[in-house]
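Take a look at the structures listed below.
In the two complexes below, subunit A is the common chain; its partner is subunit B in one and subunit C in the other.
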Partner chain A sequence: MSRIRSALLPPALAILFAAALCAVALVISGASPLTALGVMIGQVGQGTTAVDIVNSAAIYYIVALAAAIGFQMKLFNIGIEGQYRLAACVAAIVGGLIVLPPVLHTLVIIVVAVLVGAVWAGIPALLKAYRGVSEVISTIMLNAVSLGAIAFLIRPDSFGVLQGNNISTKPIEPSGQFPGLDTGAGTIFGMVVVAVLLGVGYWFLLNRTRFGFELRASGESATAATAGGVNAKRMVIIALVLSGAVAGLAGLPEVLGRDFAYTLTSPQGYGFTGLAVALLGRNHPAGIAFGALLWAFLDKSAIALDNIGVPRDIVLIMQGSVVLSVVVAYEVVRRYELAAEQRRVAAQLRGAPAADKEVVG
Partner chain B sequence: MTTLTRARAGFGTLPGWARSAIVVAVGVGLLAVTATLTGQIQLTSSGTTQAAVRLLLPILFAALGGLWAERAGVINIGLEGMMILGTWGAAWAGYQWGPYAAVVGGLVFGVLGGLLHAVATVSFGVNHIVSGVAITLLGLGVTKYLSTLLFLPVSGNPRQSPRVEGFETFSVQPLADALAAVEAQQRVVLSDVAGLLGGLLSGLTPLVVLGFVLVPASYLLLWRTSFGLRLRSCGENPVAAESLGVQVYLYKYIALIVSGALAGLGGAALTLNPGQLGYLEGQTGGRGYIGLAAMIFGNWRPGGLLAGSALFGYVDGVQLRAGGEAVHALLYGASILAVGLAVLWVLQRRWQTAAIALVAGAAVYAVYFSTETVPREFASYAPQIVTLLVLAVASQRLRPPAAIGMEYRRGEGD
Partner chain C sequence: MTDYAVELTGITKRFPGVVANSDIHLAVRRGEVHALCGENGAGKSTLMKILYGIQQPDEGTIAVDGAQVRFRSPADAIRAGIGMVHQHFMLADNLTVAENILLGAEAQLGIGAKAKARITELARTVGLNARPDMLVERLGVADRQRVEIVKVLYRGARTIILDEPTAVLVPQEVDDLFATLRGMRAEGFTFLFISHKLDEVRAIADTITVIRRGACVGSADPGAVTSRQLAEMMVGSELPSPETRDSTVTDREVLRVTGLQLAADEGGRSLLADVDLVVHAGEVLGIAGVEGNGQTELVETIMGMRRATDGTITLSGTDITRAGTLARREAGIGYVPEDRTRYGLLATQPLWANRILGHQSRPPVARGGLIDREAARRDTRRIVEEFDVRTPGVDVAAAALSGGNQQKLIVGRELSGDPVLLIASHPTRGVDVGAQAGIWEVLRRARADGLAVLLISADLDELIGLSDTIKVMLRGRLVAAADPATVTPEELGAAMTGADGAAA
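Moving on, here comes the complex of A and B:
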């Protein structure tokens, strides 16, 4: 019971705090927080909003899983941004160039995306394992380089096609597209299923396999894991490459389900969202799912708020303050529980013989 | 022991200023030779240097901000967010009360970001990178929100501020004119050196001077005063510092406030950049991160981070002024450098490193020889690629502060 409470209390407090902060900002700017809240909740039932939220949440879920795999090892894969964009770009190029039977075509595109993500994450992984380069810095640099690579790849004289004012890759034939589920009010991406499967796989990997145990052990204490026979370098490489492979999938829901090509204006910024959502969900597959849905809900609120004249950017403040306050809240609760645990142990020891106390002290 | 290894030890024992002078001389010489042999005179023109100075300034401020934070043991990847806050604050104060107010505005907004980072990491013990990411998200959101609220009615564009009045530029006379005259004569090497120097001495603004003054000032404060020693001890071993009576929390707060202020100044430098006077959404373009990279490149030292910022600013400036072909010429310079280093290492009998340098030089020369120009898309990311290469080659010789990124709580030392 107390475990559930300590898991749910911090995010609830953080969301309340962030909401209060935004309410203050709204009051200062002359808008009514209550009207804003009403509009945000009311939008879900309108048009395709609910489906859009699910679709966005699936993307956020995938990037957050990628981030969470790194977090398990205390690795910060800031490079998810570059990994998913480059992967989506290359996969779209390959998908547009080849024609294969349905299903197989889609599978090839997915495999290409996974491989590109893994290889791109492999660079910081190798640098970290063999040269001791912090993955934070190297992935930030690679994010910028991947932008250059994408711009180069979809130039009209490389693989790009000029379409009006926009440059895109060659469109993917219907055989390569991932069919969605038409609900009448918008189409749910087929990749949503893949996201759910990834979540189950992530849970299984961490909690039911030896590799998952070693991963978590290395994250908890690298020295203890090494003493237990875990190869630290190998774990770093596998964790980052795996994270990159998962990240590689994040661009596909849109490429395979809506755009059928990668364009210069394809969405960006999911990488940092992934880190934030993974933090919100504490790396737990169910928690991440909740975080992804919340994030997507806030994202969509921006448009609804804009319609009633509230600056849409209040949503960004909300998201930023949720993340910051959730990590603070987790930390405060952790400290409180640690202190409570110490008090409890101390109370128990007071009754024990004096000889035991020395060992503890 | 051969005389050569003694000579190598000799370079290591030279005073810092002499070593820097040798590095600068080799760099300038290399550029002059490259410019002469490849015919890319833009590499050493005063215009390029001026562009480089303008571009290096925000990076330099961010790098100094990183130095202050990390020397006190706090990783600051929130520099980017603080810089974004700085651009907004500078533009808001600047369009109303002029350039000096812009500097103050950028500084104050940067301090707000730094303070937030301090509260999260020092008081609450939040992971430094997590807090940094959150501050960057928050900085982006707050500036966008405030721009919609305050800039939209004035400039008619929520992504842009009204035009900000910039600083008047000045030159160090009569030296600048004399150097310009030498540069115009197009003499081998001499004109190149004059161009590089002349660019440094003309087109100056008070902010540029401030940036260059802050480098030695940071050095003196951090390495030559007891305040600096205490601050750095918090980054090396906070528990030991505490046992000696240092108020670690206080010093970390001070360090992060200064760090935020410097990042904010970096934002102000962007806002007051003559090419684009004012706030523009996304104008930082990851320069906070580049500043952090420049600091790591410089081994957490003020002189080193100046060199790192100069390198990035210069490559950026060349790319902007002269395009991919000039960056292409820099490849030629890089291969000369690699061969020179290889010769040096052969003389020192370090066969393996020499062989690696030679192979790398040959590879770079092969790229130079087989291509006409560096694709525009990659030329703009040259600083990032250089950072990666430097980190890959030299990371083991870098020495970050020992307790960097670690959680510290008062009275919990063991």
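Moving on, here comes the complex of A and C:
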């Protein structure tokens, strides 16, 4: 089907192009591209790599969904970084302070994370809707603020606990942890299931609900949406808050499945990865899943390549060039297809009486 | 050297499925004001884009001062002494007059005293009174237009294309502009004046060329031709008549607007002042007016896209002054916006998704917060059939349709869901004659079925032909009423310019 072809062809070409680019970079740096490729593919079967890729991909998937919700409306939620970190921190604090029956305890932690993410994203949302403040600027600044807030919250004087050289929140009791699936070669986070459900929910929301329709209409043409009765301010607020709520979940796979606390050394940078993965997946739930897996796979390759002496930075080049070429490829295909469709429509309608033909002015 | 500043010979330009210009010949003598007339969509703009190098002709040649040229970009045209003042000004509000003029032309005289002196000199030529160091955002429309003219003169233009220069001006400013043009003509400048306002064309032009459906249909001597004759040349001998037959007006009020006020965003004259109007079921109320006199604001306020400063709007007896746009649509208002590509359609989405827009909360396309795609497709197919939308299917993107078919789709959508009131803003602007006749027929039928219609149009024949009552809008007020049975376009035109108290 031509629709499927036009959806899959651009990313396939883009990945090939990015791979070729990397091969050139490898040759220049004196390594063999084929060896590198062999190592990258070979690593998947070794140790816990496959499970690690799935776990990382789940996190990337969640942040990318958060980014995609904003992208649908042409909103750039750069603040996912701050939202997920603050949400994870506060949720870990709450989770460590209380003890509840198993499932309930976990649920409370998840709800807290969602709320914190939503509230934190609500600040730029309100600023944008009522004061016209660019969400890009305000979310970047709030990232810095959240960093400070986290540092304050996990001080030993506040809610932190000193553990060796590291400061962390009070550990979450087993009742609050999210059990994973032990494969023998690593444990798959339980939150992976949540990520998949989120993807399904995102698809349904976007394609089957009035809210999704209004979201996409606003993104396509703000003026037409307004004339069609879509409340622009309300949409900005809901989209950003929803994006923040989803972002709030992104820190939890590790907090609930591996670390059981939020520490000074908890991972960071997922927010920016999310923006890239959402671009890679064209805001489509399946596309984003693929993008998240690819990104996680490349991340892990860095370590494997390092082991055989290939510079690990080649992975960064690969990731950057994939995103860039995907964006370019889709835009080229989109323009080509619109022109093709216009030609096709015109061709099918030829033979209609001359009086019905439109004259472009 | 020939007598002709510009000669276009055999220009043909095709777009996918459409011939925009077909074998057009146009010769413009040096030092004349040459008017190019034609309906919206007749191909005037395409022809001028070709002359200005924005588009390349498929066939035909261009000669400037007798020498054949080939323009690959506007820069080539500018070098040959051709300038264009676009209908929508291309000025940076936050820069000064001088900066706007020099932007991109720094290489000519630098940006120092020499450049300033030249600007002052040119400003005098075109009667621009604003100081060169004033910010453009503080200028009125007429002054901005003059800045645009200085801009092209500064780049050495001797032949100037004016694309619908009077559309944004009030009558007084039009007279001033014409005085300036006459003065510049005496200095040897040549103008190509694009317009479909026939009285203006007859007032300013030395020669008139009429374009219809992409082809030249003839030229006329402005001294001898009447507006009526010009109009017939523009639309063809058999003018599709927009006339309605018997009155279907009832005494049931559908829309009542009382004392409507709309303040300007940043002080200044209010956009709407004391607007009172009533539309009954089965009635078409036409609003006449020169563009920019508050018609757009009136429509957007009734639709809830702008918040009225004062006054009330009631629909079938219910006060909707504070309701949102969607609530007003749900209450039974249909809306055909004046700019369909910006306000009416989601260009890259399929037709069925466009059917949902504005109906996203109502059956058949939505139910309980969910979208029913199958029902949307089905109902779009109904519209395509009923309103004669020429399309291969309902899954093509809206942008793939021609303007007339897009408009028929919008009209069909807005008449879905049994509206009680239809607001039609320039419903046949930029559509071909066939679609125009179709849309008129649809409006007539809907009126006979008891629909109340608020019609805004710049096409006076359309307005007189379709309306049961006409009100004239000037500077945000309804200043006169006219009976379409007796009023002539000339009388209406006089009322629109404020030259006349009441037209009937």
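Quick note on the criterion: the second predicted complex is superposed on the first by the 348 of 361 C-alpha atoms of A that agree within 3 Å, B and C clash if a C-alpha of one lies under 4 Å from a C-alpha of the other, contacts with A are read in each partner's own complex, and residues count from 1 in each chain.
Everything that follows uses one rule, which is that a contact is a pair of C-beta atoms (placed from the backbone, for glycine too) under 8 Å apart; a residue touches a chain by one contact, two chains touch by 3 or more.
The model shown is predicted, which means the values in this text are computed figures rather than measured ones.
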Q.
Between subunit B and subunit C, whom does A:163 touch in the aligned arrangement: first, second, both, or neither?
A. neither
(Q) With both complexes superposed on chain A, which partner does A:268 reach: first (subunit B), second (subunit C), both or neither? (A) neither
Q: Considering only the touch criterion stated at the top, classify A:316 as touching first (subunit B), second (subunit C), both, or neither.
A: first
Q) Now for A:211: first (subunit B), second (subunit C), both, or neither, which partner does it touch? A) second
Q) In the superposed arrangement, does A:346 touch subunit B (first), subunit C (second), both or neither? A) second
Q: Kindly classify A:127 by the partners it touches after superposition: subunit B alone (first), subunit C alone (second), both, or neither?
A: first
Q) Which partner does A:183 reach: the first (subunit B), the second (subunit C), both, or neither? A) neither
Q: State which residues of subunit A lie in both footprints, the one left by subunit B and the one left by subunit C.
A: none
Q | For the subunit A and subunit B complex, residues of the former touching the latter | A | 25, 29, 76, 78, 127, 131-134, 136-138, 140-145, 147-149, 151-152, 155, 272, 275-276, 279, 311-321, 323-324, 327-328, 331-332, 335
Q | For the subunit A and subunit C complex, residues of the former touching the latter | A | 207-214, 216-217, 220-221, 223-231, 334, 338-339, 341-350, 352-353, 355-361
Q: Could you please specify the touching residues of subunit B with respect to subunit A in the complex?
A: 75, 77, 116, 120, 124-127, 129-131, 133-142, 144-145, 147-149, 158, 286, 289, 292-293, 296, 375, 377-378, 380-381, 384-385, 387-388, 391-392, 395-396
Q) Which residues of subunit C touch subunit A in the complex? A) 15-20, 38, 40-46, 213-214, 303, 305, 324-330, 335, 337, 342-349, 353, 356-358, 360-361, 366, 369-371, 373, 390-392, 396-397, 399-405, 430-435
